[in-house]
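One chain, chain A, links the two complexes that follow: it is found with chain B in the first and with chain C in the second.
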Partner chain A sequence: MAETLEFPTGHVRLGSNAGQPLTRRDGMLKVTGAATYAADNRPAGLLHAVYAVSAIARGRVTFLDVAAAKAHPGVVEVITPANRPPLARNPDEKAHGFSWRIEALQNDGVRYAGQPIAVVVAETLEAANEGARLLAPRYEVEPARIGHDRGEVFDPPVVGVGAEPNLTKGDAEVGHRAAAHHVDVDIETPLHYHNALEPHAIVAEWHGDRLTLDVPNQAIAIARSDFAGFFGVPAENVELRSPFIGGGFGSKAILNGPQVLCILAARMTNRPVKLVLRRDQMFGPVGHRGGTRQRLSLGVDEGGHLTVIEHHAQSTTSSFDDFLEPAANASHNLYASPAILTRHTGVRIDTGTPGPMRAPGEASGSAALECAMDEAAEAAGLDPLEFRMRNYAETDPATGRPFSSKALRQCYAEGAKQFGWAGRPLAPRQMRDEAGHLVGWGVGSSLFPNPMFQAEARAVLRADGTGLVEISAVEMGQGALTALAQIAADGLGIDVDKLEFRAGSSELPDGGIAGGSGHTATAGNAIFAAGSDAMGRLADIATQDPASPLFGAGNAGVVARGGRLHRADDESRSEPYTAILDRAGLDHVEGHGSGARNPADAEDYAMFSHGVVFAEVKVDPELYQVRVSRLVGAFAAGRIINPRLAKSQLTGGMIWGLGFALHEEGVHDPRTGRPMNADFAGYHVPVNADAPSVEAFLVEEDDRHVNALGIKGVGEIGITGSVGAIANAVWHATGVRVHRFPIHIEALLR
Partner chain B sequence: MTLSLSLTVNGDRHEVHLEDARPTLLDVLRERLGLVGTKKGCDRGQCGACTVLVDGRRINSCLTLAMSVDGAEITTIEGVARNGAMHPVQAAFIDNDAFQCGYCTPGQIMSAIGLIAEGEAGGDPERIREGMSGNLCRCAAYPGITEAVRDATERLSQNQRKSA
Partner chain C sequence: MNVFDYVRPASVAEAVAAASEGDAAFLAGGTNLLDLMKAGASHPARLVDITRLPGLDDIEFAADGTIRIGALVKNSDLARDAAFLAAAPAVAEALLAGASPQLRNAATIGGNLMQRTRCAYFYDPHSACNRREAGAGCDARGGDTRNHAVLGWTDACIATHPSDLCVPLVALDAVVEIAGPGGTREVALEVFHALPGETSAAETALLPGELITAVRLPAEAATFAPNARYLKLRERTSYAFALVSAAAALRIEDGRILEARLALGGVAAKPWRARDAERLLAGAAPTPEAFRRAADAALDGAHPSGDNAEKIELAARVAARALALAAAGTPERMPALPGSVFAPAGVNANGGSVHG
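Let's look at the complex of A and B:
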């Protein structure tokens, strides 16, 4: 019987590629304009589709001037509920836990402004646009319900994706009685729209009952099977290509109505069809972050310790589906308290359905929690950083489980040092800069869970010593093509330059979901396991070959590194891969692997990335204009595969926090329900000049439980902490506690 | 009625025939000339993803009707690398990790080339940030972008000194 190679089941030592701050492997493609995004595809015979949107938020469409649209030169087809062919799946059915109800012209009803009500397909984009305009819809209008006070409030069975809506730990009443200081804080956060710079886009082409899709997607295998379901074809008939995503942030993880309508248009016209959303159409059927109204009640004893955290969050959702921003759950895992009580309610309003948007729940909830913590520190007369350290959670407050790793204390120390926090005056309005601006410093803790999904990968070592790794992983800016290739190269024990890495297509092994900050962990572990599997096969060959210096290495084991197998007990005895394969007459060896959480570890440990953000703001003492002059973050997130990319994720997240604190706000007209700022002139996101100094520092963390490679995640944590840090700095500069985001000048003018 | 115009794009002359005057320069570049490196982010001049150079000046090609630039010299992202060598701005974007998803990157790079040519910002990071603020990056790779533009400005002025 073959002696098989043993690989450690616990902690894995990676090779020389992981950990290096390599520049992006797709850099050349991206700086030369050669990286291909969905809308860049132009198959022969291409038609353009534009959908008409509802101008009302509730009611039904009573008339569409289809004749006028059809009469416009170049218009090929107009699709309305009257002629829309049946779909194999009901768009109002939720097929699984990760499916949303979508609008695919199933009837003439309107449930939010911006909903697709017809599709015009034409030879040119200009003709399709004009055709859509000529439809001139008429409506039967029902009053729109916008805002927390106009919609129906309900108790949700779940929040987020399948999370419990309520938690009771300890006795809140006892906690309040034990408190010397009480703090009640109300915070409102508005709707946020993802607004990836790449608008949603799709190019669909049928060849008989086979469908080819170019569409940016963060969950390729799920999307492929869902698209197949809508059109009644087997999943393997659908080829979904998503080599580059121009920003996802959660919105490209969820299938949406316009995509289905484009595929339908391609089938009806029997030609390839491209549909690209206009920027204003990004404020409707493609998800958003629901608004929240939150109340926190904290109790603090004489020693500055929390006695109770109560956190209630009411989140907006649509009238017809149920995704709720799980904001109150942000209070579960960060600060020690004998009593924690969290609760969610939902409110139904006439908007599209919200969905996951970068740090869903964590961002809004952290914003409120960190503001409340700051008020509690003030009440207790403590420095806000000292107050946070005094309430440091040594075990997970919600479950009592130990943390798989937690270097938050080191983050506090490193961040404070880098920022220069020492000597900060306790009282507000104490600091000015040379120009006379009010200066304030604030802090917020960062926390994000470390979920894992399921992924598969295939690894091949070729006779020439090069490698190939395949997985339907997703490059959406986080650097998957680079970081995952580094892991893949280490799995095969070769230099990353000798690795071909294929990703971004449904024809490859399922790479899982690029979301929840869990992609590198999930796909990375699958990739490494596949490489190890291939190396195991290679080692089997070598250790059984009397001509190999590794012959009989047996249980002593073999290490794959630098394109050679080495005896683990005597590294001077080694042989190149090429020689082993050559002698065996093989042109390659192949391995397969999967990545997922070890269920036992999931039971035993609480797993989170941690960090802290310090903010400095400068506020004009007369105009109360706020500028964030500095953001400094320190984060511990397990093993960092590529510090250059990780820092970019973290600073990007921190700037999202800046946008949350000062800029982003989707405003719907309470009378019509229409988005009033559905463009970049009205919906403000940070520009370069808004973020003069943003730095992220990485704190080392060795996690033996989160997964075999010790990888956590960095994609979303940067927003958490940042929003509160900025709001707290604004208080420190002005003495004004804000209760609403984004912070408007009028909230500070007193 | 067909309208004809002539565009010189990245040194190549194109005769373009339009059915009417509606197409923007951006849509002509992308949909008719197949130069899809230039991106559409908002189609109303608010994001900068469609930035190209027209006669050396940076403009939003989505706000420019193609007919209005008849006879102009246009440079797009596909035309800035020369003889297989990256433009210093492109190289600086890679070295300073000035992007994530890459969708705004062609516009950022064209804008940076325009900004450097304008000569207003020099190596001053604050002026660079201001001068690059017409180009949104939703991934918020701004620290890298600023550093890349500063770095490229330096590389270009060194090249000029060398060639002088």
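Let's look at the complex of A and C:
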């Protein structure tokens, strides 16, 4: 990897601060409780809103005891469909490609259990809670449709966010005829609920027609514009503050009904209102990962090469809107095959509408693909890693384009070495530990696309040599405040300790979406461009000033580094920023920049982060409890801005995969549709004791096409590969292929 | 509103008096009751805070070998008491296999006996539940039944008792000391929890106003200390209720089992003492075959209450394994993963780090 990277203007280089394993700049604030999350805001005169939820999954509300709720001391307002003031935008209208229908009391209909059916606003949280309870709703109930077999199946026009639902490349029939081995695998994955530790929360306050919002949000500019749209005010009238997010995972990228209802409550009462979801309310109107039922049909020839990949994924969505987990698309870009056929169907059930949840499609699709690949390797009598390498895609299988960069082969080698894969017996049930537990090793390839969004940034160099960079970037635990500040400091050629970094507010330049694992790339490029712009201005001043040792160097002839401008051709000739600005009588110079993908590169290259995960599991030979004793990942994801934070993201993703494989499952009662495990005691995610050894290794990759800084993304890829690796290791330990996630003890019992 | 009186009596007598009228509940660690109140599954009219009652937080070792555990002793304190660990290692192991460190620091021994089932339909106020309202029906039947009973259930209720602690306690003949309006009395833990009847009414032997003051282990409990284990099957390594669990304790002499104790958790509305299994083992050699026969006897009469038939075989295997672990000897140190299938077995087991 290049030590430094010159940006187009040539004034600034990435690599002084970027690339360092800095600890989190906001760590102290977080561990001391000084970081302010949305629900921590308590403006004067604050009211509390609690919404009543539907206990039925389909039908309508026939009665609410509004009088009882209103009579309760402390209750200020009760909002129901009967008195809810009009909104400027219909909640059932989809305003743009990134908006979904919400429940904002538009009528008395019920579309899923947990739907808001009324809002009680009160002086205290306790009074609001009691008011909501006193509403004692009655219903006209229609039977709930839960599960793939009870809902209406349909062909979706798009899957995920605007993706094509079907792909046909090559001739599947020819592929099947050419195959010596056939594998058909049916995989089922359950509903997952995001369940960030910080629940959804919002504090809304109106000042005339100006609105301030404290709300965790991964897509600040879009959200501001959408909130403004619902209330008929210009977007610039809305100030959205989201300095810290306690986990988003995609759930906080999409506007939801409870947020709109809180803003409405603030307007109706003309007081600031806070609404915080209870844990059980996180299982309804704020998105989830739809359940999937997937079938993979693979053909493999005598040489162990794939002749065809067919992947059909059916995903659950709500009865009234579409978000289809684009699971089959996981088969598009990973393994070479002359024929690839993917297809999606949807099934309408009575839950809230799913949404993007960390690695939407990639997670569930990779789980199925990697399991099927393992079964194909077994059918071909090949080591599963060898089988994957035989089917290595040198160019993008779906489009034929070259990869902007792809160090997957190095990942395979590094991961196998670190894990100690060599010598793995082909057959299952061959290894035991000293305690007699079955031991199994499994592998899965990791793949995640590198989308970029649009972002803008502003950079200021002050007369005292310190810098300020502003962008509405989003810190949601992933370390954006640190990694982006490292890029910002390099953009201004100063030490990161001299940089003030402002983010998380709609009053700052649009930082784009913190999603799709594209935030560092998108915001980072904007930030670096802004710094570069500022340095270009500074270079103009210095090189045109006869008093400067840089005079006459020409604008392109200086480089910014360590708080000084240097002559590019003679680094000994330099001058501190402070002196340049002082002589010029300026208190600052300012630059602006934007970040987005170069459209030509987007046309010419396929862009992905790659990796591999190896899992070791131990399984009790009689009781079949599973323990993931080791997870080793190796990932190539372009330029790594902060290896400490990148590894944290990657290992976090791998542990998420562990939860997918063994724990996470949203259970809805099949009769009522109500979620039956809507708390952390019932909805299991891994704990520390479940993950005794998780390691991520970084493989260098120098990508000149993905974006100017060569940054890919690390936020979601760790999940992919991990689920399949664990399931495959469970097979290798036990000889049992479990095709339904999470893998329960009962499914292994023999 | 959840309007309730809150009283903080200064003595056991005052506490009993305060709880004898109306619909009262004692509040100790609050780790279960407060959740139930928030969920709307429990609506006591009066909370009687017993956390500051004097004299209920001692662990007493009597000269005759009896161990008396005050009702307000915290789970974590009991589990880490060296003398208690030496005398009743399976009880300590069960305690450490339960909940999370934070909950164990708050939860009390008396409260553990009084915790309610974790049946999701009991917690969900919109589901019919005979435990919440006698005669209302049971929506768990036909619902999601993975965690439900295979022993001692009726059409009225298929819930399980969630306690880990109670499983070894009932195996070791623990006795519940009770103070009430009529004075003090004792009830064997084995009959303290009730199996559901036709309508699933009373859950415990406590009468209105009665307060658990202590749990007592008889002197003979310690005679099992060299061969006593608790085993808890679950998919998450910590902070998960047992799919099934078992406590096993043996007295072995000259290669023969003199006396065996076996109880199962997660299979019934009470900690399930398996006396038939114990009788089969008395005098037998400690072999895998003998343990499996005993385990099958323990599950005699078991039948699925829903889609949970595998649980019967699993429970038998867990019981047999717990007996085998007990026969192998109590580890010298508490395993790093207490109660886990992945805890090392045997007297020389290494109690290394969780990350080992």
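Definition applied: the second predicted complex is superposed on the first by the 735 of 750 C-alpha atoms of A that agree within 3 Å, B and C clash if a C-alpha of one lies under 4 Å from a C-alpha of the other, contacts with A are read in each partner's own complex, and residues count from 1 in each chain.
Basically, a contact is a pair of C-beta atoms (placed from the backbone, for glycine too) under 8 Å apart; a residue touches a chain by one contact, two chains touch by 3 or more.
Quantities reported herein were computed from a predicted structural model and do not represent experimental measurements.
Chemist: Looking at the overlay, what does A:L125 touch: chain B (first), chain C (second), both, or neither?
Modeler: First partner only, chain B.
Chemist: Under the stated touch criterion, which partner chain does A:S225 make contact with: chain B (first), chain C (second), both, or neither?
Modeler: neither
Chemist: Just checking: does A:R133 make contact with chain B only, chain C only, both, or neither of them? Give me first, second, both or neither.
Modeler: So A:R133 only meets chain C here.
Chemist: Once chain A of both complexes is superposed, is A:V687 in touch with chain B (first), chain C (second), both, or neither?
Modeler: In the superposition, A:V687 touches chain B and chain C alike.
Chemist: Report for A:V626: first if it touches chain B alone, second if chain C alone, otherwise both or neither.
Modeler: second
Chemist: Looking at the overlay, what does A:Y37 touch: chain B (first), chain C (second), both, or neither?
Modeler: A:Y37 sits against chain B, while chain C stays out of touch.
Chemist: Figure out whether A:L749 sits in contact with chain B (first) or chain C (second), or with both, or with neither.
Modeler: Only chain C is touched by A:L749; chain B is not.
Chemist: Identify the partner contact of A:N195: answer first if only chain B is touched, second if only chain C is, both if each is, neither if none is.
Modeler: Touch partner of A:N195: chain B, not chain C.
Chemist: Of chain B and chain C, which one touches more of chain A's residues?
Modeler: B
Chemist: Contacts for A:W656 in the overlay, against chain B (first) and chain C (second): which applies, first, second, both or neither?
Modeler: Once the two structures are laid over each other on A, A:W656 reaches chain B alone.
Chemist: Between chain B and chain C, which residues of chain A are contacted by each of them?
Modeler: Of chain A, residues 126, 130, 681, 686-690, 692 contact chain B in one complex and chain C in the other.
Chemist: Quick check on the complex: what are the chain C residues that touch chain A?
Modeler: It is residues 1-2, 40, 118, 120-121, 124, 126-127, 139, 142-144, 146, 233-241, 243, 310-311, 313-314, 317-318, 321, 337, 341-342, 344-345, 354-356 of chain C that touch chain A.
Chemist: For a test of understanding, state which residues of chain A touch chain B in their complex under the given definition.
Modeler: The touching residues are 23-24, 26-37, 39-40, 42, 73-74, 124-126, 130, 195-199, 244-249, 276, 278-279, 476-479, 644-645, 648-649, 651-652, 655-656, 659, 679-681, 685-692, 694-695.
Chemist: Quick check: in the complex, which residue numbers of chain B touch chain A?
Modeler: Residues 19-20, 22-23, 27, 30-31, 34-44, 46-47, 49, 76-78, 81, 86, 90-91, 93-95, 97, 99-106, 109, 125-126, 128-130, 132-146.
Chemist: Mind listing the chain A positions that touch chain C in their complex?
Modeler: Answer in residue numbers: 55, 72, 126, 130, 133, 435, 437, 618, 620, 622-623, 625-627, 662-663, 667, 669-672, 674, 676-677, 681-682, 684, 686-690, 692-693, 742, 744-746, 749.
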